[in-house]
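Given below, in the form of structure tokens, are the structures.
Across the two complexes that follow, chain A remains constant while its partner is chain B and subsequently chain C.
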Partner chain A sequence: MTGRTVTGARYGLRDWLAQRITATIMAVYSVIAVVVFISNKNITYSVWRDLFAQGWMRVATLLFAASLAWHAWVGVRDILMDYVKPAGLRLALEVMVLLTIAAYVGWTIQILWR
Partner chain B sequence: MRLSIYRYDPDKDDKPYLKDYDVRLEHSDRMLLDALIRVKEMDDSFAFRRSCREGVCGSDAMNINGRNGLACVTKIADLPDHVTLRPMPGLPVIRDLIVDMTQFFRQYESIKPYVVNHDAPPERERLQSPEEREELNGLYECILCACCSTSCPSFWWNPDKFVGPAGLLQAYRFIADSRDQETSARLDNLEDPYRLFRCHTIMNCVDVCPKGLNPTRAIGKIKELMVRRAV
Partner chain C sequence: MSEAAVKTTARKSRPKYLNLQALLFEIRLPLPGWVSILHRISGAMLFLALVWLLWMLDRSLASEAGFGKIKHYAGLWPVKLSLLVLVWAYCHHFCAGIRYLFLDLDKGVDLENARLSSWIVLAASLALTVFLGWKLW
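Let's look at the complex of A and B:
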């Protein structure tokens, strides 16, 4: 019984779809960011601060960070599922990855709204 | 023509090795399989599978200069003078170029490769319209040679959990069949991070399929149906 191969976790579609949607969000944000940077040739500290003082830029950046976090979580978990076979070790590593990603998102919020 | 062939007999050899054979080809030798039969005449301890010798049975799938293919449909003229032959990667070697395909067929079996229809059987066959039959083109031709699944890294890492491109192509073959009534159960069976979603669309399967089939497209269609079902 302990050696039985088990499948059927029923969450494949959700994460696969989430990875594609978050990738699209990141791509759109990246294009907007490039346009903003190109249209402001002299990006001084004050220009930069004014840009991120605007509510829409903060929300968009937070959306980008959340998308990156979710996207990275699915990707890193996929790598762990392929290469780390003992379930206990994999769970421990997945928890570490989740905590790290959560810390980065928290740090992003702190930077954006400080 | 020089063939370097992977040799391993677990009863005699501590580890596998490559053995070189200089094969004198006859004028009638056109395919790699013909050269292998010449090797067998030179060294009858060499073991490999072959049967139909025309790309229908899928027995002589092997790794030819790093790329999976069928020896019987690989033209000698298209190969360099020096060819290295190894067993298909990712499956246990029984001897020389013969691999144990149990894992591969277990995954094939897991997708229920037959039409499930709960209606009373008609007097004659269950009919399909030409359009419904058309849906099966590019799917039913699979000969289960395992060239695709054994060139897929996801299948190498998780052969016990990932169905693999051949099994998923067959899964879609029955999902797409208008006579089958188990679509939802078939999708349930594949809605899993391992069984279907280990596919990361690198398309090695499409690259090597000797029948020119496209498992990646079939996998995409399964995912599309799952999305349509979920949203």
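Let's look at the complex of A and C:
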């Protein structure tokens, strides 16, 4: 156990790979979303509501949110590992970030399936 | 290297410590470095803005009145400006991210192509921001 800290990376390929896979999922969703928004001339409330009422849109958006959650976690953790050196403070911040991300995912589900 | 160049290099004081002055005025960040730090800054900005964006999505889908309010709110110039900055952050993060995926595949890792792709990322993200800003408003 030399030099291993609880607030460090998990020493594996998993997060590195997850960062790239989630990025690709979000990129595909983004391109589709932009095309949908541009092809709709005037977005009224009913257009907006009906778009998010469709099953595929809800699932795709949830997939986007889940990807974003994992992607943001890896990214923010990288930033904290680079700039926040005291292990206790870093751990506290990491826990806060994780809880925040979990809350955001819960909120997103609530928004999509209200 | 010419003899004069060797002399200039030798006269530089070493070691060089990183401090704010050095970072701001003495060390020139190469172009791919700018893309890199902007990738990090834009990512952090997007994460911090998530709560705001989620709130707007929430209100806009909640009711017709909520949608109208958000539409009006998004038209106010400080909100518009902030959203435009976030659109840029998204576009930059997107373009730079694609560049990194290519670098991961060992494509464009030589200096010339790395510089060229950095220019492309910076220009493309600005162009996309202008285009999306124009389309959205």
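Methods note: the second predicted complex is superposed on the first by the 102 of 114 C-alpha atoms of A that agree within 3 Å, B and C clash if a C-alpha of one lies under 4 Å from a C-alpha of the other, contacts with A are read in each partner's own complex, and residues count from 1 in each chain.
Keep this in mind: contacts are C-beta pairs under 8 Å (C-beta built on N, C-alpha and C of every residue); 3 or more make two chains touch, one makes a residue touch a chain.
The model shown is predicted, which means the values in this text are computed figures rather than measured ones.
Counting the residues of chain A that each partner touches, chain B and chain C differ, and the larger count belongs to C. Of the two partner chains placed around the shared chain by superposition, chain B is the only one that A:Leu13 touches, whereas chain C remains out of contact. When the shared chain is aligned, chain C comes close enough to touch A:Ala23, but chain B does not.
Of the two partner chains placed around the shared chain by superposition, chain B is the only one that A:Tyr83 touches, whereas chain C remains out of contact. In the superposition on chain A, A:Lys41 makes contact with neither chain B nor chain C.
Across the complex, chain A meets chain B through its residues 5, 7-13, 15-17, 78, 81-83. Those residues of chain A that touch chain C in the shared complex are 20, 23-24, 27, 30, 34, 37-38, 45, 48-49, 52, 72, 75-76, 79, 104, 107-108, 111, 114.
Note for the complex: chain B touches chain A at residues 154, 157-158, 160-161, 188-198, 200, 223, 226-227, 230. Per the touch definition, chain C reaches chain A in the complex via residues 40, 43-44, 46-47, 50-51, 54, 57-58, 60-62, 64, 67-68, 90, 94, 97-98, 101, 104, 132, 135-136.
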